[in-house]
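Which chain is which? They are A, B and C, in the order written, and residues in each are numbered from 1.
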Amino acid sequence: MDMVPYTIAALDRLRRQAPLIHNITNFVVMETTANILLAVGASPVMAHCRAEVEEMVSLAGALVLNIGTLQEDWVEAMCLAGKKANALRIPVILDPVGAGATQLRNRAVRTIMARCRITVLRGNASEVLSLVSADVRTKGVDSSLDLSDAGVAAAKALARDARCIVAISGAADCITDGHRVCRVDNGQPLMTRVTGVGCGLSAVTGAFCAVADGNTGCFDATVAAFGFYALCGDRAIRTSDKPGTFFTAFLDRLYDTGPDEIRALLKVRET
Amino acid sequence: MDMVPYTIAALDRLRRQAPLIHNITNFVVMETTANILLAVGASPVMAHCRAEVEEMVSLAGALVLNIGTLQEDWVEAMCLAGKKANALRIPVILDPVGAGATQLRNRAVRTIMARCRITVLRGNASEVLSLVSADVRTKGVDSSLDLSDAGVAAAKALARDARCIVAISGAADCITDGHRVCRVDNGQPLMTRVTGVGCGLSAVTGAFCAVADGNTGCFDATVAAFGFYALCGDRAIRTSDKPGTFFTAFLDRLYDTGPDEIRALLKVRET
Amino acid sequence: MDMVPYTIAALDRLRRQAPLIHNITNFVVMETTANILLAVGASPVMAHCRAEVEEMVSLAGALVLNIGTLQEDWVEAMCLAGKKANALRIPVILDPVGAGATQLRNRAVRTIMARCRITVLRGNASEVLSLVSADVRTKGVDSSLDLSDAGVAAAKALARDARCIVAISGAADCITDGHRVCRVDNGQPLMTRVTGVGCGLSAVTGAFCAVADGNTGCFDATVAAFGFYALCGDRAIRTSDKPGTFFTAFLDRLYDTGPDEIRALLKVRET
């Protein structure tokens, strides 16, 4: 598939429909995630209380689960919301923040994946690969490794086993459903020097999936989200290569990037 | 009343007194709310633990309650703080974030309003009108409707029934105590594309009420807060019409807007 | 000691080693703290759940405890993490946000200091001096007083009694281990008009201590952290004297300040 017209059309649907994206996410990035979703054109809501998550997700176009700053009672809320989303065929994105750093986070990922069908698993290389190898240790929430060819093979195997899309952020992002593999060559290292930019990509992936044609369309939607997002980073770096002004410009670019910029700058390849 | 001299004098009192504003608010907007209050000239504090809210509110000039990212145990803390504020005649602002989206939030608003006297109820149209009509459904935390003439009438009735000021943000903000109705024609649609700008207005309303002459002065104080805040948005849009740089400029304008700008730009009318 | 070469060398170590800084901190400043640490060159993680704090701190170069937006169960997690850090000889920074405002916060500081060895106690003048005098009352989280000569003497006595470094932010920061006293004359009043800038200094102090030579090197590391941080404020004010754009510029300066700027601008004196 030619990702340029797909991404243009997906972004247009997103901005016209302004889907509600229900986030159960960590305290550090709640504001940034909301601002990123608003800039792209989606409508964010954060709600984590067990008493309301099923009702809230029923109004939503996608559910985004994120295990940063985890508390044990939040895992139960995530599972309740995830099962409801599954029943309503609403895409579920899981961001395994800090998996590979502590047992609590590893257990949380296993519990959520055992109890809900995940549409897209989005993380950095060490977070994702720690799920398949006990040797991978994450440095807090920052990746401890780059994605090698062996890492891509492991991601493909994980996608097949878990029956989900595995999407790994890095120097060249990698998205696989276990069969197809797409790489995104857009993006800037400075994006890792602003908190919430990775988590924001999980949320934007949810927004693109919310306007895709069913779960089968979510692979292309994920590739489009990654390409669009990284391309906005490429545009923002032209304004500033320092993190404060870079992030402000990045929000502006999420808001004003359109067909022309996507045609000129998108660098996605299927391998 | 001519709102121009009132607003100038109220802002001057606020900046000289720097009242402490006690917020029990949601995780998404805590930082933004604090920065908005600091920019205006107030002194924010966030405290939600039942063991300290009564002591903290006793030091404060206003209490701001906000039910976004609600947990059930926070409602109890809000009621404790609200009752203490009532006893000390400290104004209480309630922001019913997401009312009309879930039963949890609807119940929380009813509980808080049954147990505390609210000075100002500040929300968007669907949040506020969902309190009087079961037909109004909020899209997460974003309004699903504009304020019609029937909506204004419903807001007036709610203000009389609940004996509070009802203040609704929108294309033309509407503030009523059940008898008088003021509209504010300042403001920019882009303000809805940055998270926390609505919640920040609730907090700024608290800051203006903190320096008003008793609860009877809180109607004018609320109108002044709405006018000043929206006017800062009008000034910020001259710097940028993109959300990242717009919000940065908005904080700058909350800090540097003074008598001259209020005289030149304030658009408040009593209807 | 000449602080210029020390600060240059410490910053270089920090950026090369990118130490993991484990924060158990308040909801208001989590994002800002993470962005400040990332801009300086450290790797932040926020984790507060009792089930993971000991494992997380074991990966870290420093632990930063901050009692803003306190809940009672977090104190227990802070003590667990602090004791583990003590056992592993990892520096522990305590920021007593709002001490002197409520009994809950005063008790929390006493409990943490009784159960863990604190390396650096970092706060504003009324927060720190409230620990030694019941007469000092903090206005929410903002200081109610400037540091007098009597205040410096009280800080020295506290440092000796508690066997920790006491570091007080203000017009002229004051750092003492009970014997030596250093003052930092860099810094801008506008830094108090952006939330999280004080808490961010506690985190940056943790980052400098993480790359110091054992606890004995933490006094110089704390002075270096204070000098570097305030100097970045002096550079940022040249870009803007309004809080929104100032803070964005401050993050940029934390990222790009190097040896030349430290040589030209650092104003630290031992008294």
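Just so we're on the same page, a contact is a pair of C-beta atoms (placed from the backbone, for glycine too) under 8 Å apart; a residue touches a chain by one contact, two chains touch by 3 or more.
Quantities reported herein were computed from a predicted structural model and do not represent experimental measurements.
Enquirer: To test your reading of the model: what rotation angle superimposes chain A on chain B by C-alpha positions, in degrees to the nearest 5?
Expert: 120
Enquirer: Over half of the interface residue numbers used by both chain A and chain C, so same, or under half, so different?
Expert: different
Enquirer: Nearest whole angstrom, what separates the Cα centre of chain A from the Cα centre of chain C?
Expert: Measuring from centre to centre gives 33 Å for this pair.
Enquirer: Which positions in chain C are in touch with at least two other chains?
Expert: In chain C, the residues touching two or more other chains are 27, 31, 247-248.
Enquirer: Using the touch rule from the top, collect the residues of chain B that touch chain A in their complex.
Expert: It is residues 26-29, 31-32, 68-72, 98, 101-105, 139-142, 193-196, 240, 242-245, 247-248 of chain B that touch chain A.
Enquirer: Please name which positions on chain B make contact with chain C in the complex.
Expert: Those in contact with chain C are residues 20, 22, 27, 30-31, 34-35, 38-39, 43-49, 51-52, 55-56, 59-60, 247-252, 255-256.
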